[in-house]
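Two complexes, one shared chain (chain A), two partners (chain B, chain C).
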Partner chain A sequence: MTMMAPPAAAAPAAFLVRRRRSYYWFIVPALVAVGAVIVFPWLFTLWMSTFDWKIGTTAHFVGLENYYKLFVSRRFHEAVLHTFYFTALAVIVPLVLGTWAALIFHREFPFRGVLRGVFVMPMMATPVAVALVWTMMFHPQQGVLNYLLSLVGLPPSLWVYSPTLVIPSLVIVEVWHWTPLVMLIVLGGLAALPTEPYESARLDGATEWQLFRYITFPLVAPFLAVAAVIRTIDALKTFDTIYVITGGGPGTASETINIFLYLQAFAFYNIGDASAVVVVFFVIVLALALVLLYVRERAKWQ
Partner chain B sequence: MNRDDGNTREAQRRRLLQAGLGAAALGALPGVGQLAARAQAPFDWKKFKGEKIEVFLVKSPRGDLLTKYHKEFEDMTGITVGSEMVPEQQQRQKAVIEFNSGNTSFDVIALSYHVQKRQFGKNKWMVDVRPLLADKSLTDPGLDFADFSAGGMAWATQPDGRVDSLPFNIDPWVIYYNKELFDAKNVAYPKSFAEVVDAAAKLNDPGKGVSGFVARGLKNANVPVWSSFLLGYGGGFVDSKGKLLTDTAEAIEAAKMYQTLLAKYGPQGVAGFNWNEAQSLFLQGKAAMWLDGIGFAQPLEDPTKSRIVGKVGYGVMPAGPKAQVSAMFGDGEGISASSKKQGPAWFYLQWASNKTNQFRMLQAASGAPVRNSAYIAAQSSADIKAPKQWIECMLTSARIAQPGLPLIVPVTEFRDVFGIALTNMINGADPASEMKKATAEFQPVLDKSEKA
Partner chain C sequence: MAIAHEGGGHVAVASLPHARPALPRVKRALRRIGFWLSVIVIVSPAILVFLWMASLALKTEIDNIAYPPIFIPNPPTFANFTSVFEQNAIGRYLWNSIVVSGLATVIALLVGVPAGFGIARAGAKKLTVLILIARMTPALSYLIPLFAVFQFLRLNNTLTALVITHLVITVPIVVYIMAGYFETVPRELEEAALIDGASVWKTFLYVAVPLARPGIVVGTILSFIFSWNNFVFGAVLSNRETRTLPVAVYNVLTFEQLAWGPLAAAAIIVTLPVLLLTILIQKEIVAGLTHGGVKGG
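Here is the complex of A and B:
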């Protein structure tokens, strides 16, 4: 026993170690890829954000000055506010409308399949093309939207050409474009719902609203949470629509963090400042992601 | 006033320099010089036969024109041209990144003087063409350097005297006006700034959807509209010590004029208008006056696009209280300093800015040539699409033209900061405080760029 025991005990351990070692090599390609395209750029951005560097000049170290500049920049503060304002509207409105649309399309009615297909068509269009078409429709003199308003006797609106209306107008484009996505997600959720709770609720005399409020809504909540996460990510990173339609204008009225960042990096070539914006933006996204994760956990079926 | 110290002196120096250059080039021109040149080292378009050059152009009517005739250059020289044409903004970004890498993928680059001149010049990114011009074996005896207009050469000459490009096109700003609307209300084309405001007030008719005046309101794009007024008020951008002049009384008066014309007599939503929105309004006959660069005659006279064919007047920028100036843009072509094919690239430059191409540009109304000969040829040519008044307007404007943007490195940032101020004015902000705020914001940016 005493003679046999050590080898017997050591054998599986040694075998395991060898096994682990041999498998380690398989994750090396993934590690290299992640390191090269995610970790390195991140560290490099972080490093660059501590430099005063305009392309074409020599960079010099300034510590946290770039962050301080952002901290006191009114334009950046406004950009953050615009981003939150835009994101909130561009998440909530499609969620409400998308859920509503899903409830309608969940019912049986003639040509349901065809109409569902028509409804999701906006999603298939390229954002830049969509933005260009909407730009024409928003035109205060020649746009079709003001023509439509005039048909129902309403005064013309300035849409994206007005500093106060520009963000809601841009949200209209987002809503048109992305409500179908929310609808699809919620529709998938509705299809998976059991029918029994509805039957028993009807027996107890529940109204349609009560059915939705106490059965449908809690049951599709996890799907809504997924839709909310996807929409939030999309809305936060929205660049193409805003850039094409307003370029952040009039003035700076629709300048979001992304537009501000684009200007710093690719119009003014202030790489140091732009890197600092990226880092701040990353922190904001991270914080929002944590909040959303928390909401998702809460929404899960218990 | 004091801004003239900088501008006029600079202009004089440039003129002197040009004269010198012209004289130098004359040696290579017809007559005795040419004979001598032939005797020494004959110029031969086929000298670089079999080589290949890369050309980096901007997507514009000018870029289209050159691309269309590249075959002609290839046949004449035996040099193969690889060309890339990219929209303006992307072209500028790519240029900066490539030049910074120290090794460009292109040999020839098209540049916009009003944005890139100082940046390219300060970094010496392009080759000084003066030695090439002087080399008789490399310069076509028919180049006729003296034919380039003063305005064009002012653009192509750097403050230190280097000539690092050949000019191709200048773009003075003019007022397009709708003759029908003017006649209907019996208004004459304005001769002064005050008359511009008067005319705009008389012609503005919101009930009929007609605006008295339209121009760019979109930030960044709108700055030359204001500088068109600024120069007439006798103002300038930067003094010789690098101090901004954008909060002076002249600058604020110009800003007030901008605000009055656009906010009071402009169309609804003009704060978001770039040239294309302004153009489409004017094309529909819904604006009495439109201030912009001169290169838009073609769509205005195109019956498939325009409702006002034959009714468009082309007016020279009226005189301001201090001066009559047409704000000017311009573009040209230079050779990348890192190019290993400077000879073939120089051949390309000579061809691009030659008399034939310059005349073609006028013929197609796609820009304002920098060669005087193009206009002379146009006056006797029947094959010109552009209206006579347009050509006359261009000739006069070119004579009173001055750069419409400051010759500094961070031009884009300048346009952004002051563009926002101007857009805010359309939406009701006070011109004086906006100009002061923008000046305070931009001065450190300018100081930094000059120190670097």
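Here is the complex of A and C:
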């Protein structure tokens, strides 16, 4: 018996290892594709960022000069500030509204399915098309938004034509677009909530607000954190909306890093400079995502 | 909140009738009105923007710039749509979009479904981190190197270049959704097939894939939609002949200054297919997005 045992045990183990290895073959084609269109561009960008290269001229190595130029570029500094301002608003507002919407759609009411479908539609709509419609709505003379303001007795606004209002106005579009995504994530969290804490809290006479503040909110906090990370990444990367509605204007008042990057690369064809922007941009996105993930981990342990 | 109502109601009424007196009828009615008001506040921006888009597209130019605005087209006109189709080769751009998003999705399925299977079964969850980082990278940063390479290969302004670039969007979506979906597919049937002597490949093809069909449907549609919606790749890598629909729509803006009707009509032409897909499989999309939080570009 003892003589028989080792081969009998070894056979399935070897079989499992072989099978495990054969599963890896399934991943190879995707790895090749990802390597070609994703990893290769990363490396190429890193390499290009150390060259002075305008399309149509010969490239020559300049070391970290492209980075230094960015470091002292006032226009780039402003682009970074615009990006942070835009991102802060475009994360916080959808988080608040999305949570509110999730609390509503978590309840049972007539037409809930249909209304939820309608609410989710903006998220799937083509950003360029939606941006065009908003461009028309923002128009100071003939736009419908100023008409709506006049209905409630408010003075007309310049919206995206005002250097100070342009970023908040663009945030409105972003909020309209992406609040549904936050709602869906939080809704997923609400669906997983236990019922017992509510029952006992109600017996103790807790108000609706107390139920939300002390039970619902802490329990869905991890989902809010996920939504915050996703929203931050997406808000930093926003391009279509800003490019179509303002193109970075008026002047450079709404020029974010992404718009700055686009102009460097595809209006001025400074591939070297643009590559350096990409690297710095990526570091910013990664750093913010890591900070948020860290906060999320901390929130989990408390 | 709904849960608390169902669960707590009986207990409270039975044992503590005085602790939670029944709300007076007026107060309850007010609550209900408040609830429906918040439903309206939350949902109406979504619907109103689309309705305004339709209204602009169906009115004459004179009505479109009238002040105060005219909301309901009377009578509705399809002139804007015909003018968009006549003055821009919209049919061709529609075809370009279908080819690019279709091929990019098919290729993504061919490499992504097996990859999702492999990742789920080999327990190689760490590979999805690569996908996450890919999602974090701004789309523009892929564009610069690919633009340079396509320039070198003389592929710029071809649909081939666009299809390759759109893989940046479609492959991560499909891999991510499929890896998650195969995790939820029970392995017993596969084990049985393997014991009966089927190869791992055959098991995948004839057992796992049919079971994962709902996941494949969601992956296909989301990948197609986010590829369809992409603007910046087409804006850089295509010309008059090869541009995709969103790029063509953007060009209506630059060429016809403030011709609102045609602009809105063009916007509808590009968004309508996506919205129809969304409505058709609303439940699946909601489930897919709630799970993964996936978004393209």
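Please note the rule applied: the second predicted complex is superposed on the first by the 259 of 302 C-alpha atoms of A that agree within 3 Å, B and C clash if a C-alpha of one lies under 4 Å from a C-alpha of the other, contacts with A are read in each partner's own complex, and residues count from 1 in each chain.
By definition in this document, a contact is a pair of C-beta atoms (placed from the backbone, for glycine too) under 8 Å apart; a residue touches a chain by one contact, two chains touch by 3 or more.
Since the model is a prediction, treat every value here as computed from it, not as a measurement.
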With the two complexes superposed on chain A, say which partner A:161 touches: chain B (first), chain C (second), both, or neither. first
Determine, for the superposed model, which of the two partners chain B and chain C contacts more residues of chain A. C
Considering only touches as defined above, state whether A:249 meets chain B (first), chain C (second), both or neither. first
Touching A:68, do we find chain B (first), chain C (second), both, or neither? neither
Thinking of the overlay built on chain A, is A:140 touched by chain B (first), by chain C (second), by both, or by neither? first
Let me test your reading of the model: by the given contact rule, A:217 touches which partner, first (chain B), second (chain C), both or neither? neither
Go through the superposed model and pick first if A:267 touches only chain B, second if only chain C, both, or neither. first
Kindly classify A:97 by the partners it touches after superposition: chain B alone (first), chain C alone (second), both, or neither? second
With the two complexes superposed on chain A, say which partner A:55 touches: chain B (first), chain C (second), both, or neither. both
Would you tell me the residues on chain A in contact with chain B in one complex that are also in contact with chain C in the other? 55, 141-142, 266
Residue ranges of chain A touching chain C (in the complex, touch as defined): 19-20, 22-27, 29-34, 36-38, 40-42, 44-45, 48, 55, 97, 100-101, 103-104, 106-109, 113, 115-130, 132-137, 141-142, 144, 147, 176, 180-181, 184-185, 187-188, 193, 195, 198-199, 202-203, 205, 208, 211, 226-227, 230, 233-234, 236-237, 239-240, 243-244, 258, 261-262, 265-266, 271, 274-275, 278, 281-282, 285-286, 289
If we count contacts the way the header does, which residues on chain C are in touch with chain A in the complex? 1-4, 7-8, 11-12, 16, 19-20, 35, 38-39, 42-43, 45-47, 49-50, 52-53, 56, 64-65, 67-69, 107, 110-112, 114-115, 117-119, 121-122, 124, 127, 130-131, 133-149, 151, 164-165, 167-168, 171-172, 175, 194, 200, 204, 225, 228-229, 231-232, 236, 246-247, 249-250, 253, 260, 263-264, 266-268, 270-271, 274-275, 277-279, 282-283, 285-286, 289-291, 293, 295, 297
Partner chain A, residues of chain B touching it in the complex: 93, 96-97, 99-100, 119, 123, 209, 217-220, 267-273, 277, 280-281, 284, 286, 409-410, 412-413, 416, 420, 423-424, 426-427, 448-449, 452
Touching residues (chain side chain A, partner chain B) in the complex: 54-58, 139-142, 156, 158-163, 246-252, 263, 266-269
